[in-house]
Amino acid sequence: MTGTSRRSLALSVAEHVHDGDTVFLGGFGHAVPFALGHELIRAGKRDLVICRSGADILADQLIAAGCVSSVIFGWIGNPDVGIAHAFRRAIADGSITWEEWTNWSMVLRLQAAAWGVPYLPAKVLLAGDGPAVIDGLLRVSCPYTGEELAAIPALEPDVAIIHAQRADESGNVQMWGVIGDTVVGALASKRIIVSVEEIVHTSVIESSPNLTVIPAHRVAAVCEVPWGAYPSYVEGAYTRDDDHYVEYDRRSRTPEGVAEHLERWVNVDRDAYLSMIDRHRLATA
Amino acid sequence: MTGTSRRSLALSVAEHVHDGDTVFLGGFGHAVPFALGHELIRAGKRDLVICRSGADILADQLIAAGCVSSVIFGWIGNPDVGIAHAFRRAIADGSITWEEWTNWSMVLRLQAAAWGVPYLPAKVLLAGDGPAVIDGLLRVSCPYTGEELAAIPALEPDVAIIHAQRADESGNVQMWGVIGDTVVGALASKRIIVSVEEIVHTSVIESSPNLTVIPAHRVAAVCEVPWGAYPSYVEGAYTRDDDHYVEYDRRSRTPEGVAEHLERWVNVDRDAYLSMIDRHRLATA
Amino acid sequence: MHANDIELTSAAAARMLDDGEACFVGIGTPSIAALVAKHGHAPNLTLVYESGAYGTVPSTLPMSTGSPSVASGASCLGDCGLVFGDLQAGRIEVAILSAAQVDRFGNLNSTVIGRYRTPKVRLVGSGGAHDIASLVGRTLIVMPHDPRRFVEHVDFVTAPGFDRGGNRPRGTRGTGPVALITPRAVFGFGGGDLRLEALQPGHDAASATEGFGFSVPIADRVEQLEPPTRREMEIMARWTR
Amino acid sequence: MHANDIELTSAAAARMLDDGEACFVGIGTPSIAALVAKHGHAPNLTLVYESGAYGTVPSTLPMSTGSPSVASGASCLGDCGLVFGDLQAGRIEVAILSAAQVDRFGNLNSTVIGRYRTPKVRLVGSGGAHDIASLVGRTLIVMPHDPRRFVEHVDFVTAPGFDRGGNRPRGTRGTGPVALITPRAVFGFGGGDLRLEALQPGHDAASATEGFGFSVPIADRVEQLEPPTRREMEIMARWTR
């Protein structure tokens, strides 16, 4: 998009995320957009519907911070550590609603939107108890074979927030390593906000165009935010801070604990945040 | 696939392509698998149904050589030069049948097979004269929105022949530059035969796994064939021999002319073929 | 230096592209038109090729949408699914198309001359043309002035424009063709029907529609197009001379 | 050195993987089992992670299917669409799954303990488990021996095994679960119903089914499993010690 340009996190979020928006969160384990997500919390966004396939602790933090009215997901938890405690509390006390799919059906919901069709047929959500708890899930028959398939409805988020290795100023986004559903979720969305480890000259992008996962004309704003995926990781830059995830599990077991965690890690400026990271230990570049 | 290993063109084609097979031809302008396609001609394959979105002169040559009983395509011709003369003659004399789609609907047919669904809905082939000439093309209504969509049926080729930059011996295929529908067409197919400019050690593959477009477990055979896409091109290796395409247009206007062309360029061994290429002029590496 | 036919057509088409748009282009004159805009008034135009390329600025004119010059200098090389998916999702604003035949309703034929099963001339088929014409925001049609190509009804509607009532047919979206650009004139499709709206330098209504297989209404006020500027001529020279 | 519970489970599961297969794996014990096979009798096993990774051989055990060790050493990093599309097309032979609960019909629950809308414990949800169980060629289930996890009917069928008639339910394919592997035993699903078929070293039928919420039939001939070999123990040590 012509108007794309280097923006601060605050300005990007102020311009492109509105209360009530459906927000796709990028990051399938890799390159989880913590910096952008935390900016949503600082900006006091409300009534967001957050969505992705496998949602980890960033989703839980947005819920804990009161930004979220609903979650659309295939999985939500703290990978290999435990459950999403703030999510659990929020559904127990009725403060949020949720809509529960599977990872493949979430990918198909996003793919349908990326491709501009209202649904895609699939061979899942036809058995087990999952289909019964999705309000209004319908089936279709293949007009050629008669086979019964699930009709997976498109999900077009208002805005995607994602993190990646690099982009140029016009918004060509390059990402490598684990992709998961990050790219399809961004492509599905009306607006895309990207934070990157580094903004590079367009000549760098043009030297490796196959690594460009999102073309510039789709991107609304690009922010240069080194370590913007911490405590998750960025392939080729820094590794995952597994201890941070374990620590979050411990602290998030109580409302007070999670509030303390957010106070420490979200209610701070970027320099203070960076100073708390053991960058020497985690850097891989 | 475990059994994958470095194979000759002749052995790969003998093992994996059978008379009557539906064959996906890789190469969207870039990396057209001429070496593998010419091997189909030398092996005297018959009654092949060839398919791809935009089919260029390799398809025309297979038709001219009598290998083909039917063509399933979105476009067929000699890019920016002219029409496919052997194809034109073959449909005029009734020696082949054809099934005509569009580039997007062909991609969707292949995507449906790659994803194991019998159809995908689309917003094309709903207007114009195209839909009427596709036997049995059906529509579906979106069960959520009521919107009428074309039901694009899956097309699962028996075998794909593609060319790429490199692979390892177990069959992890890496390709960059123009991708077109090459990857989706391969993924759609039951068996995949790949020729590559270079077979590399697995460590090379593992150093850039995002460039792997087809994982080894899908690949039936890999052949190392430098210049295997000539007269088309391979990004980073050699450029397109535009003159060859112009020359083919001139010669293929008559059955005798195309026979001479095939005699010269197909009925030869690999060394003789290579000796006819102006490699000094075309190499870009 | 006088502009030749391709230059007149390309420059007139280029002026109809807005900066910041994503423009689906084919090979030949459509590429030249888009490049004139890109190097001129629309530096943020994104050229999109069906092979999966975005943001490419070919230095030599590609012979195929998969040609080397489409790949080199692209800022994104995805695949057909990325490009056509984007198109189907309504995210490509404009396309420049050409064809063997165009009719007064802006329908394009690149499939057959004559009858479909027993053609006089079998052509290349749709490629992406049907898909683009059905789905893009608006379409510019560029054609050489070859009278046989301008017919009342195309032999085969490969890429749908308007129906005989002047409406976009069911199963399409976008505004459809907004202009037919030739070396002699620019025609609009105001009511879904061809109408002469502007003349290229040196032409009048008679020469602009010479040999057309149907009569062409003329707008109340017919514009006179400026010839390509010196700058536009400089930009085009490397591909057209 | 005696094998611990994870080692007994992983080694027994590993032996059920054939060389040359593509195996969908999750984090934890499923990854260890696949790696034992890969480093042992099945060097051509392809590990597949839902994040899009094929052929990965993690050197450290990933905490997430998107972890750094899944990416490094992968021979192909596609995306979720590539992996799940491959799965849906019937091209992944086997998967190793775990869950919070398993029942006698091989159904897995990773969604809730208690009622769905008013759960006692809200769990993580399906992730890819439902998709895999519905679509893969066959499933191996690995579980710790925690009696609360073995129930007659799971509270929520996240990932379908067999229905109460012992058949694969409509809307699934593949043979379904072929084994439930614990540190104490291997159970089969011959008629779609759990049956004790083999015992881990030091266990008998009573201890193998201790605390199960239902009675478990016993095969006519119950095998005695060999403990992990020295080689298997060496392979596993880096992740389990």
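Chains here go by letter, A, B, C and D, matching the order in which they are written, and residues are numbered from 1 within each.
In the analysis below, a contact is a pair of C-beta atoms (placed from the backbone, for glycine too) under 8 Å apart; a residue touches a chain by one contact, two chains touch by 3 or more.
Because the structure is a prediction, the values reported are computed rather than measured.
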Show which chains lie in contact with subunit A and also with subunit D.
-> B
Hey, which pair has more contacts between C-betas, B-C or A-C?
-> B-C
Distance from subunit C to subunit B - Cα centre to Cα centre, in angstrom | 28
Gap in Å, rounded to a whole number, between the CA centres of subunit C and subunit A | 39
Quick one: report the Å distance separating subunit A from subunit B, using the average Cα coordinate of each chain.
-> 37
CA centre of subunit C versus CA centre of subunit D: separation in Å?
-> 57
Any chance you could list the residues of subunit A touching two or more other chains?
-> 116-117, 122-123, 176-177, 179, 210
So which bits of subunit D are touching at least two other chains?
-> 53, 71, 77-78, 81, 88
Answer with line, ring, star, complete or other to describe the graph linking chains that touch.
-> other
Let me know each pair of chains that touch one another.
-> A-B, A-C, A-D, B-C, B-D
Residue positions on subunit D within touch of subunit A in the complex are 27-28, 50-53, 62-68, 70-71, 77-81, 84, 87-88, 107, 111, 116, 121-131, 133-135, 156-160, 169-173
State the interface residues of subunit C toward subunit A in the complex, per the touch definition above.
-> 19-20, 22, 44, 46, 53-55, 71, 73-78, 81-82, 85-86, 88-91
Inside the complex, what are the residues of subunit A that reach subunit D?
-> 27-30, 53-54, 56, 73-77, 79-81, 83-84, 87-88, 91-92, 100-105, 107, 111, 122-130, 133, 148, 176-184, 233, 235, 239-240, 242, 245, 284
The residues of subunit A that touch subunit C in their complex are 1-3, 113-117, 168, 170, 172, 187, 202, 205-206, 209-210, 212-218
So, in the complex, the side of subunit A touching subunit B is made of residues 116-123, 136, 138-140, 142-145, 147, 149, 151, 153, 176-177, 179, 210-211
